[in-house]
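Several structures are given next for inspection.
Both of the next two complexes hold subunit A, though its partner changes from subunit B to subunit C.
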Partner chain A sequence: MASKRIVVDPVTRIEGHLRIEAMLGDDGVIADAMSSGTMWRGIEVILKGRDPRDAWAFTQRICGVCTTVHALASIRSVENALSIKVPKNADIIRNIMFLTQMVQDHVVHFYHLHALDWVDVVSALSADPKATAELNQAISPSWPMSSPGYFSDVKATLQRFVESGQLGIFANAYWGHPAYKLPAEANLMAVAHYLEALKWQKELVKIHTVFGGKNPHPNYLVGGMPCAIDLDSDNAINIERLNMVKRLIQEAKAIVEQLYIPDLLAIASFYKDWAGIGGGLGNYMTYGDIPQAGVDRPEHFRFPRGAILGKNLGEVLPLDPTDTTQIREEVSHSWYDYPAGEPALHPWEGVTEPNYTGPKPPYKQLDENAAYSWLKTPRWRGNAMEVGPLARMLVGYASGREEFKAVVDPVLAKLEVPATALFSTLGRTAARGLETQLGVQWLMEEYENLIANLKAGDYATANTDLWEPSSWPREAKGFGFTEAPRGALGHWVHIKDGKIENYQAVVPSTWNASPRDADGGHGAYEAALVGTPVADPEKPVEILRTIHSFDPCLACASHVFGPDGRKLAEVVVR
Partner chain B sequence: MSECPPSRPTTYDVLTQHGVSRRDFIKFCTVTAAALGLEPTMAGKIAHALQTKPRIPVLWLHGLECTCCSESFIRSSHPLVGDVVLNMISLDYDDTLQAAAGHQVEEIRKQIIKDYPGEYILAVEGNAPTKDGGVYCTIAGEAFTDILLETAEHAKYVVAWGSCASNGCVQAAHPNPTGAVPVKELIHDKPIVNVPGCPPIAEVMTGLLTHLLTFDRLPELDREGRPKVFYGQRIHDKCYRRSFFDAGQFVEEWDDAGARKGWCLYKMGCRGPTTYNSCSTFKWNDGVSFPIGSGHGCIGCSEANFWDNGPFYERLSAVPIPGVESTPEQVGKVLAIAAGGAAAAHAVSVAIKKAKDGKDADSKGDAGAAQA
Partner chain C sequence: MADQRDHGVAPVLVLGLGNLLLKDDGVGLELLKRLEPDFVDDPRVEFVDGGTQGLALAPYLPNRCAMLILDAVALGTEPGDVHHLPDARSTPATRSTTAHEGNASELLAAATLIGECPETVALVGIEPDDVSTGIGLTERVQSALPRALKLAKDTLGTLIQPE
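Here is the complex of A and B:
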């Protein structure tokens, strides 16, 4: 039986509003856990009756952190419904936008959202700048900013900040907790790189500004991309714009290869015990993305599509998001109503009917035997699935793609851990870095693809043949997908008489952060927390490590729908 | 901030302690003055202010939102966000960035309210669901609506970041399932600065904060509570494609010859003529571009109810496009005549309000519209 209930609310350094309740056993190990999304906005409800060509802008506002991914999934869903083929340049530019987002988001996640679970900022105050310089030069010989003077300055900056007595974002954290294992010099190095990454993160996204006019929330277009290309115009994508994009990609490559990856490996080497903690479900799923021959040919995606069950890397299972028997959402533990007699619905038939049955605020705890979240419970063929960088890397690896093996195998060798170490909190965090390594390589390749296509004389960016609603069928259904930084993202649209009849999005954090299903089966967060030892229930840094390893995005997860009225499924707490 | 004990270090103290030279400090003040559109002589005043004030605490709450405002904020290039967070303000509560979690976070919020009554800035990203007892957004088991009111009570200023906090934005679009309302509908006894946009431009956000702590007062606001320095002009008025509008040269369809030449996007639904924001002046992401500059019309994201003023690709009115050499006043009249369109109706209502006010120097076009 659980001896203590730990509540972490708000879970910070994430997007959105997430609450974790963990039941700690007498042995100090988490026996059971609940993940609750505590916000709902109802975007799908708002979309009904609108122009499908506008949907990307609405759905993009599902999330400003994974900005662009909902826009991409949305335009693809409408194009799929209306059978619109986009020009090759549009696919390439979308790939560049996608990879820009993924690379920038992963670096920000590592340094600004996740690192403080592993890095003790206060410990950095006792570091020796000279030894820190030697450490940095040893792990990343090419990184230029690694002199003793540089680290001495960073340390002085930190010292003055702490002495000011106004600790700002660093106040009241778990500093000094015994779970922090890094030497002082590694902590100082990480703090310095936190600041460097903060300066850099605003740069790469300028690629979105070039093609989409702004970031966050760049512009997209059903049928292509809105940015026209004309090499002889000063008012379109031309050589000056392309040069800017190229320079930003080169800079990103240096940041990832000389800063992020060396830091990730250095920090991971002190936390190898976390390769045995936080594995969770062992089921992984990805829609795949980065088309090389159009969105209808997943076999030519850079990220392959597929699913893995029970940690079995020997078999990648096919998945079809348009098969209404495969992906289905339940609401047995969510604050929604479904039509009577419908235990689960495919998104094309999805319903979004909120019905809050939780405790009246302010409340102290939620009831795991009742509905307890604004997130639904998506399942693939009845299985709870983990999505995200680890799922993508595993599916790529298990599919036998050489590119994936080339980044994964050396890291396993360097950390001296077997492939099974990937099924863990540390594996999740490492996989995010490894796919970022692939991401910067692919970004440059996609840029070269764009140049090659322009060189061949193809400047088209939009197909307007089916722009006017008068050219559409009276009724159509479409599926749009992408791989958000946090995992598989699907949008399902039903268009009728030129308007949105129904719209449903099943987003990565809904998969990962979902509440229990009707059979009591946990979602990925909940499953990953079970079995985690917690040293100090007042300072549960261990919970943050595992939850942050998923990179939660709750505005995404909880924008959605709801269930049947059966809110009291039989769930026994161990 | 004169009531602050002298022991608290000023921004200048912190900057110099961080190794910033006097020369760099003055340069920073000059750039800040320029970014705020101030006379060069104001740089000295900024320098003086930053040398005499401690870092002002900021409590940044997140309600119903998507975090695009926070993401935009960290994109700021002048000042750099690292400088803002470490040297200029004390960002004591912000669940996107802060290290602490859970009850330790809520303790900070309550402690700052207690220690700095009347001195801290409340920054609000997102808005509050008012339906069903506030159950659509809870933090630490409390309704966001209650947290907002509690934190506002002792705030010096309230900053409403983005269109959610200023106007309601996407979750308040029809049928507004959660009863989301902007900050101004819940807080009535505090100075509120509305900083609309989805999101606002990064340098507009850091510029406003810099203004507040430099001059220790609000910048001049328009009747919508927006700083005039950033929201005083329509995007259309400063748009580099304006000459094509005046010449009657329009993009007629995506990726046509006009699109490649960068002609006016009015016929593609551009909301530049009815949107007040700095996009066409400061531009986005350190001046790289802005929506129109990259070929898509403005969707009017800083205007109230812009989600319901669509569809986005429908041009603002059904009236004939103004011909060669149209003036802003003529355009304003044309928009007012087209009162059937929601966007135009909105423009008219703004114009009427302005006309009643009668002293808004830069709203001639809209005043003209009201008379028309």
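Here is the complex of A and C:
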């Protein structure tokens, strides 16, 4: 049985507070694991009694990363409740904003949060710039910045940065750990592209400013989008603005195709053993997104809706988030109270009643047989599910969509791994890249759809027929969804007498980071960690690799601030 | 990939940070709201509500001479204390002293790394009393607003017209 307990708290390079406890067996392999959200937020409580038309503005403040996705899920939930149909342009503009955020977020996750699990920044200092240039030209011939002089400059910049002692954003990593396998030149190339991605990431989101009026908190509207479009006017989104959007999409396409994907494949080729580690549940779920014929017709979404159980790519099961028997949240291992006799509740009936019964901080360890997290335990038909890019790619692939096969199959061939390699930490990381590749293609297609629709004379962006609460039914329930970068995001609203009666958000990281259910079934993080070998329990980079492969964002899953807000990462081994 | 739209920005940026849903954590946004009307027609300064964003605020930093951050600053002193950090770039205290996930220090470090951090970064903030879920400031922080506002206004004055 477990001989050591590794505690990582908080996990760094994520949003929000996550604590991982891993029980290491005598063989040096993780035998069991616990994932705990250690801070409570409770946005739902704030929304009660408010005007449902304003809910999006509050929900987009939940998270420091995903403002747009919460706003989108929120307006869709209200529109669903009130049977409001939005104009075609509004769907297209929302799709453009959605894809913009997804592409930007995935690139930032890869280079600025996850790459440091695979790339040894300090090793880059011993790279030969000339050999690095040759490497870069070999893996991405069309990328312009690959001269020996360029890499010399990057190396010098990095040297100055490291010597200044301000490792800053490169701190809290295990530099020099033997688990880092890349040659020095590949490390230097990755650091150079870290910087390029950092410069670029701030460009793409200007698309949000064009359509949302402002950033970083763009405007949304129940019934459509609050932007006027007139190709020839100075006082609306005109052709000049739209041309800028097109240029930004083209730049994004170049970054993804010439930088992200080649780097991903080059790095992955050194870590193929991770195609056999970190698979976990093998159950995947998507709500789907990017409607092509309205939100009520999931069969026409670019990301299909569905569920896969037990790694069975032969069958995609139908899923209905409004069926109150399907998605249900338990609190058997969470610090919440439910009404007596209710083991699980559908989000429409959801209750957010905190009841902390854990040990007094600072504590040494949590008890897996008791409540141990501020996250609830959502289950689909009783099954723990993984959500996120891997789930989306697998559901698309298993649904037989050609677009998905066209990006997945060549990568499997190039890395010389079978399709089962996707059920892994490496598969999760690769799926995020492949999804981004689809994302930039779709972004351009959605842009072209918008232009075509405008040229056909359709300028409508909002439907305000049902704006006034007097036009609403006395009581209504709605479901809003999106596929956030981290996975399926659902908002469930119950409106009564024009006000919010109940509001529940089930966010992607609640699915992935959930604690055990009443039957002892593990959440996705917990399941993925079991079976992972850890070389040095004091420096558990292996745990970070798998957890980061999910792109955790606990900010909206739970509250973020504690008295220990200044504490840096801590690893404790017992 | 800087382009023409990046030039001609106001030389001074005032960045409000904080989470409106966590009581006193939102104090930076309240300060921003109260400070802005005094400078509404001043082309030398731009006001941005940064919320809890981190790296997503990077687009606002290039080509500025100075930046003033308004934020909740938890240094562990008395709630309602007004904090002033004239040089937030080199003050390690700016690391993780704010209550939200958008980490100002990470933003500054990233901007420094790509050479786009304003030369001067000042910070004015208030020690929070309560950062639990809820909208609105506590009394102690509320009563500190006039002092913090005066300090922010004076600081902004010197940033606009450096000696």
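Keep this in mind: the second predicted complex is superposed on the first by the 555 of 574 C-alpha atoms of A that agree within 3 Å, B and C clash if a C-alpha of one lies under 4 Å from a C-alpha of the other, contacts with A are read in each partner's own complex, and residues count from 1 in each chain.
Following the convention adopted for this analysis, a residue touches a chain if its C-beta (ideal position, glycine included) is under 8 Å from a C-beta of that chain, and two chains touch if they have at least 3 such contacts.
Not measured: the values here are computed from a predicted model.
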| item | value |
| --- | --- |
| Fit or clash - subunit C, subunit B, common subunit A | clash |
| Which of subunit B and subunit C A:251 touches, first, second, both or neither | second |
| Which of subunit B and subunit C A:180 touches, first, second, both or neither | neither |
| First (subunit B), second (subunit C), both or neither touched by A:200 | second |
| Partner, of subunit C and subunit B, that touches more residues belonging to subunit A | B |
| Subunit B versus subunit C as contact partner of A:404, first or second or both or neither | neither |
| Which of subunit B and subunit C A:338 touches, first, second, both or neither | neither |
| Subunit B versus subunit C as contact partner of A:45, first or second or both or neither | both |
| First, second, both or neither for A:216, with subunit B first and subunit C second | both |
| Partner chain in contact with A:224 - subunit B first, subunit C second, else both or neither | first |
| 43-51, 133-141 or 223-231: stretch of subunit B that collides with subunit C | 223-231 |
| Subunit B and subunit C footprints on subunit A, overlapping residues | 15-16, 40-43, 45-46, 58, 61-65, 67, 112, 157, 161, 166, 168-169, 195, 198-199, 201-202, 205-206, 215-217, 555 |
| Subunit C to subunit A touching residues, read off their complex | 1, 5, 19-22, 25, 49-59, 74, 95-102, 105-106, 109-110, 112-114, 131-135 |
| Residues on subunit A engaged by subunit C in the complex (per definition of touch) | 15-16, 40-43, 45-46, 58, 61-65, 67, 108, 112, 157, 161, 166, 168-169, 195, 198-203, 205-206, 215-217, 251, 555, 559-561, 565-568 |
| Of subunit A, residues touching subunit B in the complex | 7-17, 19, 38-43, 45-46, 50-51, 53-54, 57-58, 61-65, 67, 112, 116, 121, 153, 156-157, 160-161, 164-174, 195, 198-199, 201-202, 205-206, 208-219, 221, 223-224, 226-230, 233-236, 244, 335, 354, 356, 358-365, 374, 459-462, 464, 467, 540, 544, 555 |
| Subunit B residues touching subunit A - in the complex, by the definition given at the top | 8-9, 14, 17-19, 54-55, 57, 62, 64-72, 74-77, 80-82, 85-86, 89-92, 94-105, 107-108, 132-143, 146, 169-171, 173-178, 180, 198-199, 202, 241, 253-255, 259-262, 279, 284-286, 288-296, 299, 301, 307, 310-313 |
